[in-house]
């Protein structure tokens, strides 16, 4: 009854929050010995909310963000991966575009040049097709949710967005992925693709609550185990529908469909993967994209950072 | 009864004015002939300013009618600035110099533009404020402002001039000079003038007829025809006589007796 | 024009918004049908959490506004009183006046670690310069004649302010207050959005928006507008009528 | 007759100083006190709220870098253009509505609730709806800004119209001043202080809102750049960009509006 | 020379006032004794209101000194409201009723609160405006406002009263009554009064001494001691005589001659 509390946050409407919903819905927090407080916050202030210490663990930060924050003097660190790149470029049904190149000079919607979503798509396109979307596309900027009606109204020919808005957009416009970041990039590199989100915590919180950190990690492992073992059908549960704000059955179908072709979550935290991610960050900083230098300790393992489980 | 044979141009019939519940004018009936100089005498607060506001068309009376020039009412936006009004407060535009304040009125008249300059100079000369032609109203003394207000009212030779205590803030010398000018203007342009004043002597000197009002709410106490031929001399003993006569007459209706009693106490 | 006619015109204006809304609904993808919203309204209004969230925002606005008004008054009087204060406070007022609300919101929320006071302070910070400037302009244009009156009759500072200055600048105060009040609502929404508030109108609005729950977005907007209209007609106008009864 | 010691002439009000030296040194002293106290406060905050409030030194460096960068000036002119466009339009539209409802009871009864509503709508809502309606071009931001700012102008102007001197209205009636002359010579001059206040307000507000507009709906401009820096948590750049623009806005207002004000209010002494 | 043996309480030495470049007062030197009633006569715009503003401490003179009560200064925030000032414009607070306008002055004095009511009633009675006790100033006629302004100035029995044409907008009856009251107040409270007026007769009736000023910029033209014992009668022939004497004296300095010439033209 008197379990220690942990506040966990994710972006509202993003599938990044699904593991939290499962933890809550299936009682995994209690099972692993903590009392979870799960918060789903609008995309606008979510990182700030975490940085000012209003939640203990954020499930929605990409390693870029962590690198930037560390570089600016915030003691935050990613200690586990969460979401694969469940994002990409979506075009409506009738679109004539076959590759991202066909969108050159066209109107495209995104929600911010500095967002993880846009940055990942931008780097991937740069690498795969050799051009910079920021220069070649004519961008329109609104929030991630508003991109859907924007695409539907024909105001833009494509959008850069993440799940579940991708599924919403696909249903709303009978559309499809023009570029699925995880799938297309890992095919291109023959295996490695960076991932979008991590479990991030403040360094001192981790040091003060090592066993809680392990407990959350375990709960997460079990949550994605449930996802995979049910073939993502667990997404049909009411608490997910409500949590993600899915507007129709059709969207859910697409969401599950997409998950099957590209798994949404990962818990591969191998030294190789961390090293590859660090190399990716180095490359970004060398290209001068968003970060100037890569600070130490962006990604750690709990075992290294707080010592093995007691 | 007025035996004047001139045409009646202004007719006030059964006029009554109230502000909300409080009556300001009880009942007024009188006529004014073309070119007549009528002075209005009445105790403070009896309703003189209210009456001028009705005559000018600024305020609708609560009761009764005002007929101007036959059946025609003069306020409604006719282009012809036939009315001059010296308000009790001067109402100059503080952001315009004296000259500009006058030009505005000229602009609304049909006075040809090339004569403006001369006309303004002349009128300011008459009022002894030529040197303040380019001053802002805020920089003028009380009497100077008042004179600009008079200048504005008579500037375009209006056929009717309403004046609300125009000379009360002027010194004796200037006031004398202006009284002189006013009779001149009246004769020259044939303007009809309704002139509110508190100075009985001034009224006697200037007016053809004095309408004496009762204590407020006002009623006509007496239509007093000034029994003096023109030209008159302000220092003439006969003026003083008429003045004394009027003072004697208004004692009762204005409550002078009450005052006398206080004297003794 | 009598009171009844005026009221019916005002109501007509609001009623005419409904067809406008309907037409907008037919022509766009993101505006809900007024009927749909009307149907949901009773349930929405009978929910406790709706009022709780509105209450939280209302508290932030009122507390911030009060703080901002007090600070604005003090600044304006100080500026009017001494030349040095005018120069010094001028910089503060200008800085506050020109700081974008979003930046102020972010910083204040960060500095106060997301506590209630942070939100209240943003509102105060953003509204204070408007009160100060409005009031200072009023004081500057104050009738010199009436100021001299106070001097001649040795009216105490309090009497001078309460009975001479305040009524004179009352129209300025009301104009400033109206605007500060409107700004306060705007700012709190921005602060709640950018400050990732958990509760409050802005948080719920943004939440609904993030989930593309357009009906809910409309419901929140409606309640919000009703609240602001109430503040204007129920509070500010009444106060104004009372203060200006001498006119 | 006792002789009077002529020692104590009446003391006079210090407010009537016409001594230029005193004025200038007062200005200087005020500036020094203000700026040093602001810097001190800033410095303390930068230590107390570590990564969130940048240090003044870092900010100065960032300001310098910005001033030398061409992309900054690109954003600068773009935003200035947006601010000016909506400031001017909102001032004109708002003043026109303000005068209309100030003069006409019917118009006021009809428009006032709409204005109150328009004031109440949160800015992000305007921006989002404008973008959804007009797309993400310049029009959306312009429309959102103008709609958000105009009601403020109307409010200020309306109060002033209603507080006007009725005596002057009557004077204009008596002398049959044409509507145009009445408007230009009697009404508008009375509104000048309010119009200037409204202009200031609109100017300040346009700049405040443009930041929100650009952060939500525009990829370029000072606001977008500020939010870009913010998302990258480069608080010194947020501060640097904002400060430069704030200073320029202030200079512009002082220079242009201040000069206009002096000219228009000459008659007041 | 003034042979009055009373103590000198107000001394004006080499006073000069300019507005920017334009001089309003050239040079003034005079003294006022305790309890003296001094009238100031001067042409419109000669600088009378400016002078009162300096005497009241509202305006700094450009040159010269004003000494009040020996070495004691009355303006700077002393708690004792010994000064009454009837401004040329009434300056009532439009948002306070007549009574409230008076109460505000009482509040700044040491008059005990339980006597306020009676005092206000009494003074309004004297000024014949008791019935307007609860009216807003905007609803009053010009003369009524002026009387409230007078009431305010004499309400707390000040030791100095400055009045700028206080009776000019009142009708003859009310004005007579108030003149009567003024001399009464002066005698009863021993107040020192400086009284600007344009009515020479009024000045003669009221004042111990008349300071006649020149055309502006003002200088003292003459220190005229009124050669009449008190009590005086306003309708007394001797008053008219003195009045005529003064009119004759001011003709030259005020430029009455110019006016006469115009008459002929």
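Letters A, B, C, D and E mark the chains as written, and numbering starts fresh at 1 in each.
Just so it is clear, a residue touches a chain if its C-beta (ideal position, glycine included) is under 8 Å from a C-beta of that chain, and two chains touch if they have at least 3 such contacts.
Fair warning: this is a prediction, and the values are worked out from it, not measured in the lab.
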For chain C, the least number of touch steps when starting out from chain A: 1
A-D or C-D, whichever has more C-beta pairs in contact: C-D
Where chain C and chain E are represented by their mean Cα positions, the distance between them in whole Å: 49
Whole-Å separation of chain centres (CA-atom averages), chain B against chain C: 51
Interchain centroid distance [CA atoms averaged], chain A/chain B, Å: 86
Residues of chain D engaged with two or more neighbouring chains: 52, 128, 132, 227
Residues within chain B bordering two or more other chains: 89, 139
Of all residues in chain C, the ones touching two or more other chains: 28-30, 106, 110, 193, 206, 209
Touch list for chain C against partner chain D, complex: 1, 5-7, 9-10, 12-14, 17, 28-31, 83-92, 94-95, 97-103, 106-107, 110-111, 130, 133-134, 137, 141, 171, 174-175, 178-179, 182-183, 185-186, 189-190, 193, 202, 205-206, 209, 221, 224-225, 227-229, 232-233
Partner chain B, residues of chain E touching it in the complex: 19, 41-45, 47-49, 88-89, 129, 139-144, 146-147, 164-165, 168-177, 180-181, 198-200, 247, 250-251, 254-256, 258-259, 262-263
Chain D partner contacts - residues on chain A that touch it in the complex: 47, 51-52, 68-69, 72-74, 107, 109, 112-115, 139-143, 146, 149-150, 153, 155-156, 290-291
Chain D residues within the chain A interface of the complex: 50-52, 128, 131-132, 135-136, 216-219, 224, 227-228, 231-235
Touch list for chain C against partner chain E, complex: 145-146, 148-149, 151-156, 159, 163-164, 167, 170, 244, 246-247
